[in-house]
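Each of the two complexes below includes subunit A, the first together with subunit B, the second together with subunit C.
Entry: the complex of A and B
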């Protein structure tokens, strides 16, 4: 089987798992919604400032929820030594990574599509760019969270103190993704006088290309016993 | 038992002497920089610290790639030692920057690309060392340290590039020997080489300490077992 077919098999396995166990989906969704609500309580109820920071709140809610969903996606593998089973199959470790990272990206994109109308409603923002552009930021941004996130979630899945270790390793790493996504999404919620959106998309694309390839190469070393 | 003299101490002593000479030059011989005044002399430590922090972490990156391939505990020890020195130098860099900025600009911190990059660098590599302490065994420790070092190192230029999008800060442009007055060259170069030598010395010391700790752990796990040159226990000629 080619790398592509193997990745696809891992990806479909994860989708099936997610579809059969709906609790993970709904749990993360409630957490993300609560985070969005908390942001509006933590700042002064000034409609103008909330509208301006809507993109930042949306991405912080996504970042915090990604910790839960990433950790959860590998918890299923650690239980009953499922990851050992996968490693014993004649499968390229890169395929395990790409399947996992893809399913995590899909999950986060789905989550962002639920959170988007919520944050638009809660913070009074509106989409002023083409929907395609906004979707591109959501897709590339969540892909940037999912690639290093899947690598580190796999690494920490069997460690003591995973809950501490995953954000400690992941957060400094995804600063470029966060900056570019917040700024880009913010520019989709307002006018883009300096015409920066294209360049920010490029930054996200470069980050994604680098981390999807590097993490794919390193994944085999991480899941070795 | 007579204690052996570790050869890296020679590097350390040369480094300390060069640092003493460089600082004496910087503090008492060269004139104060006209627009920064006396406090500007911290520049003679700050710039070499910045160069060496990046240089040492680049060394860590190379050691990490090597360690992933050869899996030798000695490479793991050297890698960890160099990351520790890199974290120390980056922490010094941030502190020196604050000490300089307070009297010069009236602030401790600003959201300048280089300041943010240094802070992210510090947290990312401190995270690498922290991850190490959570690993379950020696092999896992090596792989985690190496993988996290590679991933964190690649992030640094991207962070620097992207934060340049933020409004411009007050940090002055990069300093190189060609951008500063010739009076300052000697002190700056002495301190730069001195800090590199001290960094290498500390890396060696930490690496040696880590290897000894590995050996002690192995010995207590299997008393009387023979250890190979890398400190691994040998069971009937098979490396464990």
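Entry: the complex of A and C
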């Protein structure tokens, strides 16, 4: 069975689990919405300042919410030691990673598409680039969070203090992705006189390639006892 | 080559937690198609040893070979022929019984087949429960579902940790029948239980663990008497 077919099987399993765990979806969505609302309350009521920082608040809400969704995505694997069962099936550990990271990316992309109109409304921003370009920033940015996030969520899933460990490990690693995503999304909300969007997309693509390949290789070591 | 290799061969296997050895000095050789009854008081290291043999736990010392393959060289290849049933059933609680089997089938590279899965559920005494979520099952039913997954996997080496645990009397009969069937099929079997009189007559050899070390080795039929002697000298 090829790596692709195995990854697809893991991805479908995770989609099924996500569909069954309705509380995970609604819980993360509620948390993300509340975070955006709190940012809007905490900001000075200056329309220009709010507009300028809309992309930053959107990505911070996504980053904080990703902690919940990434942790939840591994709860089902450790609850009854299902992960040990998976390890005993002839499944390539990289397939476990790619299936899991892909489903986490899909979840975060979906979440970002829900949060986008909300943040546009709350902070008075508007999309000035093509929707495809904005979608590319959301996709590449969330993929850059999901890959190391899936690796670290697996690493901390059986550890005491998982909720503390995951952000401690994840946040420093995703700083470059976060900066490029905030900057790129911000330029989609405004003019781009220096024509930086393309370069930022390239930066995100490079980081994604590094994260997805390195994390895929390390995942096997991480899930071993 | 692999056919002449023992199914499981452990040499001086040891595993510790912190500064305590859970098992140490384990030397065993189990030929293909043979069966081993594993006994010992609570905390004697039975589950740790089974996990080491399943290769899901790495030894701190010693060496393990599964059908001639070293798990440290290629864990996937070494694990391929092994199935392990533990106290935890390794199921997805939010999925139905049928979905749990279908997920395993896909990952095993088999085509999802509802008829095959339904037949397996019937075989383990879960007819009519296919659409019920694993979360709604009793502990005994969950164990039966875990057995169905092992049957789907069709492994060469079956490791059963307390297979009678949480089952009702009809479940005991089911496990006895299953063990007999696996033996007839030439599977290599390691079974850990406290129901020694029940398991001993059907298995080949026996091993008693005490404090993580091998305290007795011999024919399985002699194990109940040896166990009484070892634990209440």
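The rule is simple: the second predicted complex is superposed on the first by the 225 of 225 C-alpha atoms of A that agree within 3 Å, B and C clash if a C-alpha of one lies under 4 Å from a C-alpha of the other, contacts with A are read in each partner's own complex, and residues count from 1 in each chain.
Going forward, contacts are C-beta pairs under 8 Å (C-beta built on N, C-alpha and C of every residue); 3 or more make two chains touch, one makes a residue touch a chain.
Please read these numbers as outputs of a predicted model, since none were measured by experiment.
When the shared chain is aligned, subunit C comes close enough to touch A:20, but subunit B does not. In the overlay built on the shared chain, the residue A:224 is in contact with subunit B and with subunit C.
Of the two partner chains placed around the shared chain by superposition, neither subunit B nor subunit C is touched by A:3. On subunit A, the surface touched by subunit B in one complex and the surface touched by subunit C in the other have residues 224 in common.
Residues of subunit C that touch subunit A in their complex: 51, 54, 56-58, 75-76, 79-80, 82-84, 86, 88-95, 99, 103-104, 106-109, 133, 149, 153.
Listing the residues of subunit A that touch subunit C in their complex gives 1, 5-6, 9-10, 12-13, 16-17, 20-21, 76, 79-82, 84-92, 220, 224-225. Partner subunit A is touched in their complex by these residues of subunit B: 68, 116, 120, 123-124, 127-128, 130-131, 134-136, 139, 143-144, 146-148, 150-152, 154-155, 158-159, 161-163, 165-166. Contacts from subunit A toward subunit B in the complex involve residues 148, 151, 155-156, 158-161, 165, 168-169, 171-173, 175-176, 179-180, 183, 196, 200, 203, 206-207, 210-211, 214-215, 218, 221-222, 224.
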